[in-house]
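In order of appearance the chains are A, B, C, D and E, and numbering begins at 1 in each one.
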Amino acid sequence: MNDLLLAGVILGPLAAALLIALWPRLAPEPARLLTLLVTVATFAASLPLLLTDLGGGMTHQLDVPWIAALGIRFHLGVDGISAPLVVLTTLLMPLVVLASYGHVHDRVRQYCVLLLAMEAGMIGVFAALDLVLFYVFFEMSLIPLYLVIGIYGGARRTYAALKFVLFTVAGSLLLLLGILYVMHATGSADFAALRRATLSVREQAWLFAAFAAAFCVKVPLVPFHTWLPDAHVEAPTGGSVILAGVTLKMGTYGLLRFCLPLFPAASVEHAPLLLTLAVVGILYGALLAWAQTDLKKIIAYSSVSHLGFVVLGIFAMQSTAATGATLQMINHGLSTGALFLLIGMIYERAHTRQLADFGGLARTMPRFAICLVFATLSSIGLPGLNGFIGEFLILIGTWRDHALAASLASLGVLLGAIYMLGLVKGLLFGPVVHPKTATWRDLNLREMLTLAPLFALMIALGFAPRPLLKRIEPAVERMLEAPRLAIEGK
Amino acid sequence: MNLVAALLLALPLAMAAVLGLFGRRLHGKLPGVLAFGMAASCFGLAVAAFLHLRGLPEHARFVEASFWRWMDLGVGDSRLALDVGVYLDPLSVTWTLFITGVGSLIFLYSIAYMEHEEGAWRYFSYLCLFLFSMLILVLGENLVLTFLGWEGVGLCSYLLIGFDYGKEIAARAGRKAFIVNRIGDVGFLIGMFWTWKLFGTLGHGEMKPLMAAAATVPPLLALGYFVGACGKSAQLPLFVWLPDAMAGPTPVSALIHAATMVTAGIYLVLRLSPLFVAADWALDVVAWVGAATALFAGLIALRQRDIKRVLAYSTVSQLGYMFLACGLGAFGAAAFHVITHAFFKALLFLGSGAVIHALHGEQDLWKMGGLKHHLPKTARAMTVGAFALAGIFPFAGFFSKDEILGVAFAQGYAGHTSRYVLWGMGVLTAALTAFYTARMMTLCFGGTSRVDPHLHPHEAPAPMAIALQVLMVLSIVGGVGLGFEALHWMPLHRWIDPVLAAAPHPAHLPAALNWGLMALAMMIAVLAWRIGAKWYGGDFAPARQAELTAPRLAKVLLGRFYVDEIYAALIVRPLRFLAELCLEFDRRVVDGLFRGAGQLSALLATGVRLAQNGVVHVYAFWMLVGAVILLTLALK
Amino acid sequence: MVPQAWYFLLSALLFGLGVAGFAARRNTLVMFMSVELMLNAANLVFIAGARDYLPARGSACALFVIAVAAAEVAVGLALVLAIFRLKKSVVADDVRELRA
Amino acid sequence: MDVAADLAATAPLWLPMVGCLAVLLAETLSPNRTGKLPALLAGATLALALVRLATTSPTSRQPFGVLADDALARSLTGLLLVIGLAVVVMAEPLLERLALARGEFFALMLASLSGMVLLVAARDLLVLFLAIELLSIPLYVLAAFRRLSSPSLESGFKYFLLGAFASGFLVYGIALLFSTVGDTRYSALAALSRDPAHLGTVWNVGCAMLLVGLGFKVAAAPFHAWTPDVYQGAPTPVTAFMAAGVKTAAFGALLRLAIEILPDTASLRTGIAVLACISMVVGNLGALMQTNLKRLLAWSSIAHAGYLLVGILAVVAGAEAAARDAVVFYLASYSLTTLAAFAWIEHLGRETPALQDLRALKGLARQRPWLALALTLCFLSLAGVPLTAGFLGKYFVLKAAFELGTALLVPMIVLALTSVIALGYYLRVLATLYMERPANEDAPAPLLFAPAGLALLTAVASGALLLFGMWPAPLLRWLAS
Amino acid sequence: MLSETTAFLIFSAIALVGAVQVVTRRNPVHAALWLVGAFLGVAGLFLTLGAGLLGAIQVMVYAGAIMVLFLFVILLLNLDATPYEGLSVARGASLFVAAATVALIAVPFAQAGELKAAATADAPDLPATAGNVANVLFTQYALPFEVVSLLLLIAMVGAIHLARRTRRDEPV
């Protein structure tokens, strides 16, 4: 039974992008408003996706041939893992558009087109059930983001954008080779068919390497992370939000969705390596974040650290941990998204991002202060907010079989508090530093509205994550079936 | 009962939200009054809960109320099912009672204390949030909820310490508190992970029989929790944040950093007491750390000039006593001391707050003196608190402290010789306590006035005074009312002991010896007090001279054993250095590698460009090279 | 009969001389001549190679090569003339405006 | 030999020849006053040939005993005719503008085109050689067509000099192969090559020299060095003709050789693999720091030759059917892309290096968004970004190469890694267009050369890149027929 | 009549000496004349191999027409002996590589001896007389023959375009 909802959610923004691009003499502001409406509508339309199959199966499937001669099918579908990520994407988009009112004043239409195209690509990545289609979306989301960073970014934007793309593509071309080999070896690129296929251990090892290379760069896992700080620092607010909120998740999503079920033996074999890298990433990222002075860099490196948790949870091969990891993908999108929005807001006022330039904002911008503290707390995993649930589930699940890794990772929780509170203290407390501090007005209604949905979700997921977990878990469980068999086989 | 429990949690949270969102529009005392009303109602609810529990038979004296399912993952032995709910039993209700009780008084006190502060609404909002967190810590149905409260109180502590935005020191102290606590939290977390692996549950109610049945548990598991407790309850080596936390408003110090939050560590140990008992040598560690902390902090308190810092170190020291009790297996005695300490330490802090209030923020003991003439009521109240702290009969502290020392001696008497050392440390600490308390009281209220002559100290306003009076009464009757071991009058123990683990080494002293020890302790306390009072009572100049030209040990005390400096040198700076090192490494090596790849291709590209020099012969040369390659291959 | 290999070796030498001339000489005209040598070497192979099969076919092929050589020379010399008009040189390496 | 039937089957071959003669005739009758007539004649014959091609279907007959009339030949012929039409559209306005001899130009172009068409159908080594010469000799002249402009002349000169050198190798190789069986027909050679036991070193050497000659034509490294200079100097429509047409024709010939006679020997496999890898590496590295657009495309053309050689390698190694389709599709997508790109460059109007410099295009997207978009599509397609025809080409080739398992893994990995380098410079072009500010902010948008036909060509070609990238079915069907 | 071997030795010596001189003479006129010698040597070899027609064509077209064209151009351009070109590293390398190429081509011949393949000695022995060559040309190579005509024509057109005198008003 073909369900057109997903196709609609992907093609809707694309159609809107075309419309905005082709509409002659469309003024910038109406274009932006249109984009906002379209993204909100897309969000609304994507909500039913959340009602996933409680057995962990794929729903809302659409399976039609696309390029028959090349064996490419247009096969979409979501389960408990991908549906929340799709909705996260559709949720962040309107917020990014809202935020753009503050910092995108030039070439607005083009920005809107790029955002919408990107949205389609990102949703496609999470919804694709055909490997080639996945690859197509994976790359398709890349170029608009490249342009967003490169056109609307900071001083070194060209360099940063290029670095971002080259890193990603270096990985993803290996992925393409891997996909093609899989197609050669199994005769199919369809996810469902591939899960039934068996590849030899040797094949799995190579394919795992190829797939994991692409995803680990995207995550990014240490040592492939150095593109991230540059990209974040130079990206405009919207770009940073999307980058951190959605793009990075493509990596962890890929690991969970493809590496584990398709190459279970190799995944099990290489799990120690990935766990090690994850732990190193958690600690190393945190230490680096601590040593930074640029607000965005702090958050960027914190992403390295946080995504390390996600990878840890995935490769613990334990359902609680992997469920937590999936939830943590959402959480990271919410909290880091909020943090980047906030930093963008302060940057719009101060035109600096150096921590040393700030101080005492709590008195002059109380609303901003509250929001920042809130987002920070979510980010450092304060219980009662979303971040904690994810981290806790990851760690408690990982502990079962990998106590040392989990213990070391727990130190990341501590380091997280150190650098994030350093950021909060530097911005909000202490004496006023910047001479113009008094002229910066507090957050306005639009900005509060931009942040509000994120904060609402942070609380909701902190206190009542179960409706979501209930849907994630069975899907994750399915991804873990094969590796579990591989472990038993060993 | 579910409703009561729900209200207990919902009221403070709702009030926090209301004040946080709309508090800005409420003026004057209104936020404070609202908050106090809420706190008082909570106390009422707590009493109701207490009465309900008391009506139940002893073996079924608990209530589990679940509000909603928080998470439910996995199956079989890896199932992780957690509810958002409360677990009421004598232990949690006891804590609830004194938290809400003492809390209400401090809320009341704050109404006046914060009246003229800017942003009082924010203060009360945080305070309500704190109350909520503390209650969830105590009442939470499972360890994860306890942890939620645990972090929540840490957060509120952080926010309240840094309440004064502009004060750099306050901001730094808040951050320090949070981070040091987080070190402990890591221990707590690891404890939870391990517990779940071992027992498959984290619910208090479900764990109880499992813990009781467990023959042994890994000592490190228990120590994980103990590290958490050390962080929250400021034990060696994680106590450093508490003295700095005094940068916050004084009522906050009273509530959070004396009466309630810092006892969360004790609560955790008590809650998990069967685990500790089963964990082999873990309890010994607890005892020794407790005793050492008590002595250590007592020593530091001798030479502090800031009145709140004296009290802070005294708190650390008293918490050490409580852990000593836990370590000895005298869990009930620990709980007893927690309660009495809550009364008298809150009293002392609030009193000192009144003094500081009267002196417009002056906290330096050297700039006080002779205040009993200006603040007679405060002086009276504080004297009661000081006696209780010093362990002078019949004030509250005497009973609880004596019980702890008695247990230590009894265990030594029963053959565990090392316990005599613990007892000795305890007694020595008691002497030190009496001495520095006397010093503090004398420097503050006795002798001649060294107060800035422009200041005209006056008695605190009514709400503050009422709170002081009530606490004064509690500090007198709170001890004897709850238990006097020598007379076998132990209502608190009867109430709370059934939910705690039995001591691993039960020991009893002959009555005569018990009375003798009691008298000895009393004598030591009184003697130390006398010396202290005499030393600092007369002319201030020689005492001051003595403190300034201190011998080496005293200098070390003044420098607080240089713990902060040691931390800085051993941990903070190396870590910071490591971070910088990582940064350089990341920039040069990791990124350098990738940049190097880029530069390499640029270099190669330059090579290709150089080869493309426009000369036909060079082009032909390359063609020939290609031909040679192909031909060589063809000949193979 | 002279072994076929002798002819082939000779043609290889001629070809090699052509290659060497092309590679070493700068005068464009001499370079052309070297190419002609290479073509001649090929023709020798055509004729010698066809000896045992269908000699007429080899000749036909060689004929085509000669025709093509003529066409090439026509265009090539025209190019040399044009270049000479512009640069006043027939040294191939002097023509290096386009590079890198 | 049924000459009439053969002529009927080879209409797409001789129609351009006839067109060539007609143009020359017209020029002779009315020198320098023919106006648009040559272009119209050229267009008409090409269109006619295309129609003829579309209305007939492949047969198994072998016209004149030396040609093929199969699907491969016909699909490539069609592609070449389209390329020819595009070049006519591109060239006419330029010639008019520069007042160059249009008659000669189109005559030469049609002759060269007929050489290309002949090349893809050739089933005889001698015909192969003649076809290569027929396509090359007019092309030398075309490259130097602006005989008074020094770059153009230099371009033709270098192309000729090195081309003659390469054809020496080619002929020698052909002669060697001829000497093994005494015949030049593929059928005769194939009989031998199917039996590797009889393949002596002479055969191997012959194949190697053939590869040298064809490697030069397809611009594979290390026979590539002429490419950047010649591409840059030649008039842009000619460059487009070279990049699209010669590459298609020469690869068509190579493809047929690989299918019919090249044996699957280790030396040949290694040889092609080495050429492929060197081409990919050198081509992409050469482009990395290039700022002249035409040179950039030249280097990229070298790299693409490397990619295509991977496809040829797959054919040689046995994945014949899939790899053949892959190479043909790749050629189609690459030709389309380069046509679009050179048509775009033609918009820059003047054939001066300064205007072709990337730096002159800073911030063009701001002033000319549509034009910038067209170039963006070209470069994305060249880079092989999904949803463009370029991606599908690369995908197709890799997929075919994987038919042989991991046998060709090394060239494939080189392909992947060099594609990363490639993306580096392709995106630099985008960065220049979109991310940098114009040198003079207030200056009005550059007045670009945009005759209707050229603009239409640019738009259609770059639009087709996107269309075929998403919906390649029609193209695939057409190429397969 | 010379024996075939003697003829081979004589003609090949002429061809080789001519070729060496072409490559080494500094004066292009000399080189061209030596090239005529080399062509004549090769023509002799053609004769030796029984391809008389081709030998004749070689003399007429190559040694005759093509060389005249060369000389014509050389004289037109009034070229003198080019200055000594020196032996640069690059040229040395080129020569080395060229030598390697020769060696690589020559080795198999030296090894192989007779090159006859097993297959397709199908056709009857057709000596390369004019009639037989014409027969091949108009049957198997009919199409190439026609193509060559076009090739020559278009080469002429191209050569004329490139070499014709510049009109004053001709655009660049």
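Observations
Keep in mind that, in the parts below, a residue touches a chain if its C-beta (ideal position, glycine included) is under 8 Å from a C-beta of that chain, and two chains touch if they have at least 3 such contacts.
The shown structure was predicted, so the numbers you read here are calculated from the model rather than taken from an experiment.
With chains reduced to the mean position of their C-alpha atoms, the one farthest from subunit E is B.
Ranking A-D and C-E by contacting C-beta pairs places C-E first. Every chain gets a centre from its CA atoms, and the centre nearest the mean of all protein CA atoms is that of A. Each chain gets a centre from the mean of its Cα atoms; for subunit B and subunit C, those two points are 96 Å apart. Mean C-alpha positions place subunit A and subunit E at a centre distance of 69 Å. Averaging C-alpha coordinates per chain places the centre of subunit A 64 Å away from that of subunit C.
Mean C-alpha position of subunit A lies 37 Å from that of subunit B. Multi-chain contact residues of subunit E (touching two or more other chains): 91, 94, 97-98, 101, 104-105, 107-109, 112, 115, 120-121, 123, 140-141, 144, 148, 151, 155, 158-159, 161-162, 166. Touching two or more other chains at once are residues 126, 130, 133, 137, 140-141, 144, 147-148, 156, 158, 161, 165, 169, 172, 179-183, 201, 204-205, 209, 228-229, 424 of subunit D.
Across the assembly, subunit B contributes 609, 612, 614, 616-618, 620-621, 624-625, 627, 631, 634-635 as residues in contact with two or more other chains.
Chains touching one another form the pairs A-B, A-D, B-C, B-D, B-E, C-D, C-E, D-E.
Those residues of subunit A that touch subunit B in the complex are listed here as 163, 167, 222-223, 225-227, 284, 287-288, 290-292, 318-320, 323, 360, 362-363, 370, 373, 377, 382-384, 388-389, 392-393, 395-396, 399-400, 403, 406-407, 410-411, 413-414, 417-418, 421-422, 425, 428-431, 463-466, 469-470, 473. Per the touch definition, subunit D reaches subunit B in the complex via residues 158, 161-162, 165-166, 169, 201, 204-205, 207-209, 211-212, 215-216, 221-226, 228-229, 266-268, 270-271, 274-275, 278, 282, 285-286, 288-289, 421, 424.
Those residues of subunit C that touch subunit D in the shared complex are 8, 15, 18-19, 22, 28, 31-32, 35, 38-39, 41-43, 45-46, 48-50, 52-54, 57-58, 61, 64-65, 68, 71-72, 75-76, 78-80, 82-83, 86-87, 92, 95-99.
Interface residues of subunit B facing subunit D in the complex, by the touch rule stated above, are 601-602, 604-609, 611-612, 614, 616, 618-620, 622-623, 625-627, 629-631, 633-636. Every residue of subunit E that touches subunit B in the complex is listed here, in rising order: 90-91, 93-94, 97-98, 100-101, 104-105, 107-108.
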